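Got some structures for you, see below.
Two complexes, one shared chain (subunit A), two partners (subunit B, subunit C).
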Partner chain A sequence: MTPVTQKLYTDDVSLLMVLLDTNPFFWSTSKSTSLSFSNFISHVLAFLNSVLLLNQFNQVVVIATGFNTCDYVYDSSSSPTNQRAETLLRKFEEFVVKDEQLSKEDSVDGIGNSLLSGSLSMALCYIQRVFRSGSLHPQPRILCLHGSPDGPGQYVAVMNAIFSAQRSMVPIDSCVLGVQHSAFLQQASYITGGVYLKPQQLDGLFQYLSTVFGTDLHSRRFLQLPKPVGVDFRASCFCHKNTIDMGYICSVCLSIFCKHHKKCSTCGSVFGQAQTNAPSTSNQKRKTADT
Partner chain B sequence: MNNFEYREINNGDGRRLNREAEEEEEDDEEDDEGNGRGLDAWERAYADDRSWEALQEDESGLLRPIDNKTLYHAQYRRRLRSLSSSSTGSRIQKGLIRYLYIVVDLSRAAAEMDFKPSRMVVVAKQIEAFIREFFDQNPLSQIGLVTIKDGVAQCLTDLGGSPESHVKALMGKLECSGDSSLQNALDLVHDYLCQIPSYGHREVLFLYSALSTCDPGDIMETIQKCKKSKIRCSVIGLSAEIFICKYLCQETGGSYSIALDESHLKDLVLEHAPPPPAIAEFAIANLIKMGFPQRAAEGVISICSCHKEAKVGGGYTCPRCKARVCELPTECRICGLTLVSSPHLARSFHHLFPITPFDDVSPSTLSKNPHHKLPKNCFGCQQSLRDPGNKPCPCVVCPKCKQHFCLDCDIYIHESLHNCPGCESFSQSKSVSGTMEE
Partner chain C sequence: MPQVKIIAKNFMDMVASLPAMKLDKLYDNAFICEAILRSLPPLAKKYVLQMLYIDVPVSAKSMQEWVLADGFSKHNVAIDRLIQLRLFTEAVDRKKETTYRLNPTFQINLQKHIIHGGVLPREPMPSNITVRLPSLEDLDAYAAEQWECFLLHLISSSTQGEKTTNFSSSLMKIFQRGLLSQRDKEPPKLTESGFQFLLMDTNAQLWYIIREYITNSEERGLDSADLISFMLELSFHVTGEAYNMNTLTDSQRNVIKDLADLGLVKLQQGRKESWFIPTKLATNLSISLSDTASRKLGFVVVETNFRVYAYSTSKLHCEILRLFSRVEYQLPNLIVAAITKENLYNAFENGIMAEQIISFLQQNAHPRVAERVPSVPENVTDQIRLWESDMNRVEITPAHFYDEFPTREVFDAACDFAREYGGLLWEDSKTMRLVVKAEILMHMRDFLRREKQ
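Up next, the complex of A and B:
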């Protein structure tokens, strides 16, 4: 996947959009992962500083992915360079307070999921603005530092964002901090040609970040980056949100169901014959295609 | 020819930027998109005979290019509104599984030079763009190519899902001679389309250069036959309206249009890329059994069932019979199960869950109700919503989440992203949609 280089970019100037997962429920339960939120932030701050030092034109934008809202936290192009950490931390605190105020229900079953679709959409809008700024602009990429599990309700929105990123040739890198793999981010990185990584030891997060995600897209070609260990391409059905590897598709709207229904719940079309004749028609088609 | 090739390259490069970015660059160009982008005015092909119409006089009497940003946006709003009004029904039904034959007229008339360099080349270029756009929007659909030459219709490519093979076949066969025959083409396409499963939408798109048709029999019978087989025929003419084409489109429920110039032709062709509304009698709704294979890890060696070769890594495993296939979407060679990946299906979901058009916030409405406070920055891209004089710029607001967006984001969100960043980043909307789906 090297179509990125076709553009008239300067080689090695990057625009790094960092999406930070600030889901409080994830960070409060993450004792098992041996990384506290403040440790995490200090790793990330060191990483951002090193990216900005790599090239004087490099730009970093941080978007916080909260439980109730998402917002821009830091933009290196509009902030003074000498108090980077202070501005970031101050805005970050404001964001966390706002996120907390917005939460209505106190009891959340499990960890809950943060609003990945929102922050991805915002990052893509920002990148479009950079594209508009002229023919010479930094090479954009998105880095998701994500811990919360996937929210099945966000499936369509996240996929839309992934396809839009693919169309504008923006790679989505993902670094999963949680216990489980994230099917959303696996697909995002696979489709957009980014790197998916689930670090083994989170205490060394800075090393993972700087060695894998620090280099610009041009230099990436010369590196041996982690290879994907298989991508989970299974879909989740619309009726029960189960992840399935075989199912029924409505021919009108392509909705996915795990069982045979009489009527499509998405588009309302009534289905004719049962699935029994489906294999036979496909067999016929296959034969005619061969002859 | 050289010039043409250069434009082609340029076209491909700027494709994704065409919509969102380019109108921002203050190139004083007419709105023929993608044509000579990045070239100076004198380097560009002489596309428009009325180049003075792109200029207007400002207050001090200086000539300036027309501000086509606002113009473009107005145009886009109109398009969006017409789209959303046509699908106001609560349930959206679209024909997402399409089987489309593109019939290219390569008769003598295709060599005419009224389109530069010739009709044939222009048509081929537009078809290439169309095929790519088509598969982007209709991931499970298939296209076939048919050409008419010397009064005979010939099948160039069978129905298939790979854009590259179609484009390659077409580019290799660009020569024209003889008469054109509508009936022969219809007969051929009819025979092919009769075989496809009943849930698929059968469509034919003619790109017709000739002003006549030279048929061996009664074409009216053929048209009725197509109507009976529920084949939707559309024609895009390059010269003038012909009665028989109009009749054909009327009878079969297609659309008939005549291209005025190259950019108009492009618009007309691309109009056929989004899926048409499903018409119940055209295709029977059905549940299709499909499998979602997982991609195996890199470096695993196994024998694939499609080429019968041992391959390293990068394959998919059929969930029913565990056979290995190389590419998706396909049909399992062993058990006949249709195999797709969930991203293939997800590509068309934005047709099902379209986002609502945003409302205009014009400066005049702002002055009427001053309590309506305008945020400083666009919610999506953080661009300032004030112009240099600190006056509010035209912007739009999402009716659901009440966030303000700049005009560029508005276009990007509706044409490419299909997500409202505002609605997506508030958990209220998330919980609502969550309960709806449960």
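Up next, the complex of A and C:
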């Protein structure tokens, strides 16, 4: 990982953006897995404390990823050092209440998915602001603590966020708390050079966090960190938001469709007639899935 | 800033050099644990964090598995540092393997910190008692002024009347030792390291003074470990908040008074209570001192015609400029000087190096020129370097001169002999004369004696 600009700071000063999944549907079902939400928060709090302990210039920003909304919950640069936990928890409660109010309108079936794309964008916006504040800034990275399954509807937004993180060389680390692997986060970490990990034992979450995700970007060049085992590269189609193995791609704007269209819905290009029996390889792209 | 020999790198080097007993005692204080952790190299910090909740010794072999192949040198540096600071205790287990475990006191203190979050060493005083607290800008200005005043006092000969600090003259002597040299009846003169000291940035200067202050604390009846822990604790106070003097012990109160003279704290007196307000200098103490985050605004503009314009009212800046340039005018807010060959030669003779002068000019460049690359015109920097190399045009090697060799064979053999030892400086085979380095004189003598027989 190359640093974005020449830094006057010492090598290991970091800005950690933590995205916490607060999806109530996920946490209510996760009682079977050993981690309850309050335990989870206490692990995370200890982790935040330890990151801030490592360097006095380290900065931590927490963004809550709710079911309907997301918001900045804590920013270490604007809060006093004592009563860190109290401030965070208070804001957190306010956020959960707000999220709940918004969600009353529509009923959900299953766990539902939380607004990962929104919180990723917020994190990137924050990082951009830090980049523009001057030449002297800590090295940013994003840590997603995510449990809910991927929302195929957010595919485009999430991918855009990932690519913009890649452009500004911000690694996205992901720690998956749910039962299934997350294809979005696998791709995010793979593309941006972050670490993807699905902890085996969630009651030791702090040790995972401090060992793997506490590593600053400078030290990552010297340490063994978990390597991606297999990344699910499957894309979602733009028309029905389904995850697909095989599909059609617009040759102009690279939009993905699950079946043949006359016109691209994104850029408006008119497609030729599809050869029904044997689609030519030029307008069809195959993506392999290793699951 | 080039590494100057009088800098011990930072506070932690000093802590590391404390005897084991005192070092272990230091870790009882949670703030020291925190400061020490922050001073460690990044990998070492990482290891501490990783081992924080591991209560059994970890073998060196398994720790090596944490690092990639090209990180081994960093790994070893980190481990060495941890052992040096006694954060890791080394042991050999039954299987004859080296194992490490974290210092238990240190471990417990950090665990507490991680669970409870940061706490402040002292509660600041409520604002209804402290009425007229200075603003942060005022405080910075105050700190800078105090520090400058101290520096001026330090370098000016002690004969000058104005007494601005309450440092005892013996303490001042200690600070001046190494920076000033005094021959009989002559006014004291800055030594080589004294000149270098003036060109360092404030943090490095401050560190030098604090180091002297601490190393001489035993003579004044203070325990150096106590002093270090107090200073580190001080650096965790919040800049600009007022803290009650009553919370300090008697000896700490004396120390605070000294620190006020250096500009580390500001003392204020209320109706009943008195309090101290830490300045930025104090809170920067525990930061690794190479850090440039606290850099001040520059004031120097150097033009291509070797003119130096320094927008400064400070006497100290004027004195520093005088070290290597001719001060031509001094206006209320501006010093105009010229960099001349004579002044630079003077500076070089005093042991200042061209790189130090250049980096001083660059580091203190006025914001208007600091954006430009290079901030100091190239022709000026080149010329300064050229003038320096002028001084080194002639290299002096102690040598011995031989002539009147009896035969050409003896001369040739002597030449070969000297060449073999790498000591041949010059030969003239026509007149059979030879110059060799003084180091091989004894060998030459033996050789020629043997040749004679």
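Definition applied: the second predicted complex is superposed on the first by the 234 of 291 C-alpha atoms of A that agree within 3 Å, B and C clash if a C-alpha of one lies under 4 Å from a C-alpha of the other, contacts with A are read in each partner's own complex, and residues count from 1 in each chain.
Everything that follows uses one rule, which is that a contact is a pair of C-beta atoms (placed from the backbone, for glycine too) under 8 Å apart; a residue touches a chain by one contact, two chains touch by 3 or more.
A quick note: this is a predicted structure, and the numbers were derived from the prediction, not measured.
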{"item": "First (subunit B), second (subunit C), both or neither touched by A:Asn68", "value": "first"}
{"item": "Contacts of A:Ser79 with subunit B and subunit C, given as first, second, both or neither", "value": "neither"}
{"item": "If touched residues of subunit A are counted for subunit B and for subunit C, the larger one", "value": "B"}
{"item": "Partner chain in contact with A:Ser36 - subunit B first, subunit C second, else both or neither", "value": "neither"}
{"item": "Partner chain(s) touched by A:Arg167 [first = subunit B, second = subunit C, both, neither]", "value": "first"}
{"item": "First (subunit B), second (subunit C), both or neither touched by A:Leu115", "value": "first"}
{"item": "Which of subunit B and subunit C A:Lys241 touches, first, second, both or neither", "value": "first"}
{"item": "Contact residues common to both interfaces of subunit A (with subunit B and with subunit C)", "value": "none"}
{"item": "Complex contact set, residues of subunit A against subunit C", "value": "8-12, 45-46, 49-50, 52-57, 81-85, 136, 206-207, 210-211, 214-216, 218-219, 221-224"}
{"item": "Residue numbers on subunit C that touch subunit A, as the complex places them", "value": "34, 37-38, 42-43, 45-46, 49-50, 52-53, 65-68, 70-71, 74-75, 110, 113-120, 287-288, 290-293"}
{"item": "Touching residues on subunit B, where the partner in the complex is subunit A", "value": "13, 16-17, 20-21, 24-25, 38, 91-97, 136, 140, 158-159, 195-200, 278, 280, 283-299, 316, 319-320, 331, 336-338, 340-343, 345-353, 378-383, 408-409, 412-413, 416-421, 424-427, 430, 433-434, 437-438"}
{"item": "In the complex, subunit A residues that touch subunit B", "value": "6-7, 67-72, 75, 102-103, 115, 117-119, 121-122, 124-126, 128-129, 131-135, 151, 153-157, 159-164, 167-169, 187, 190-191, 227-236, 238, 241, 244-257, 260-261, 264, 266-275, 278-279, 281-286, 288-289"}
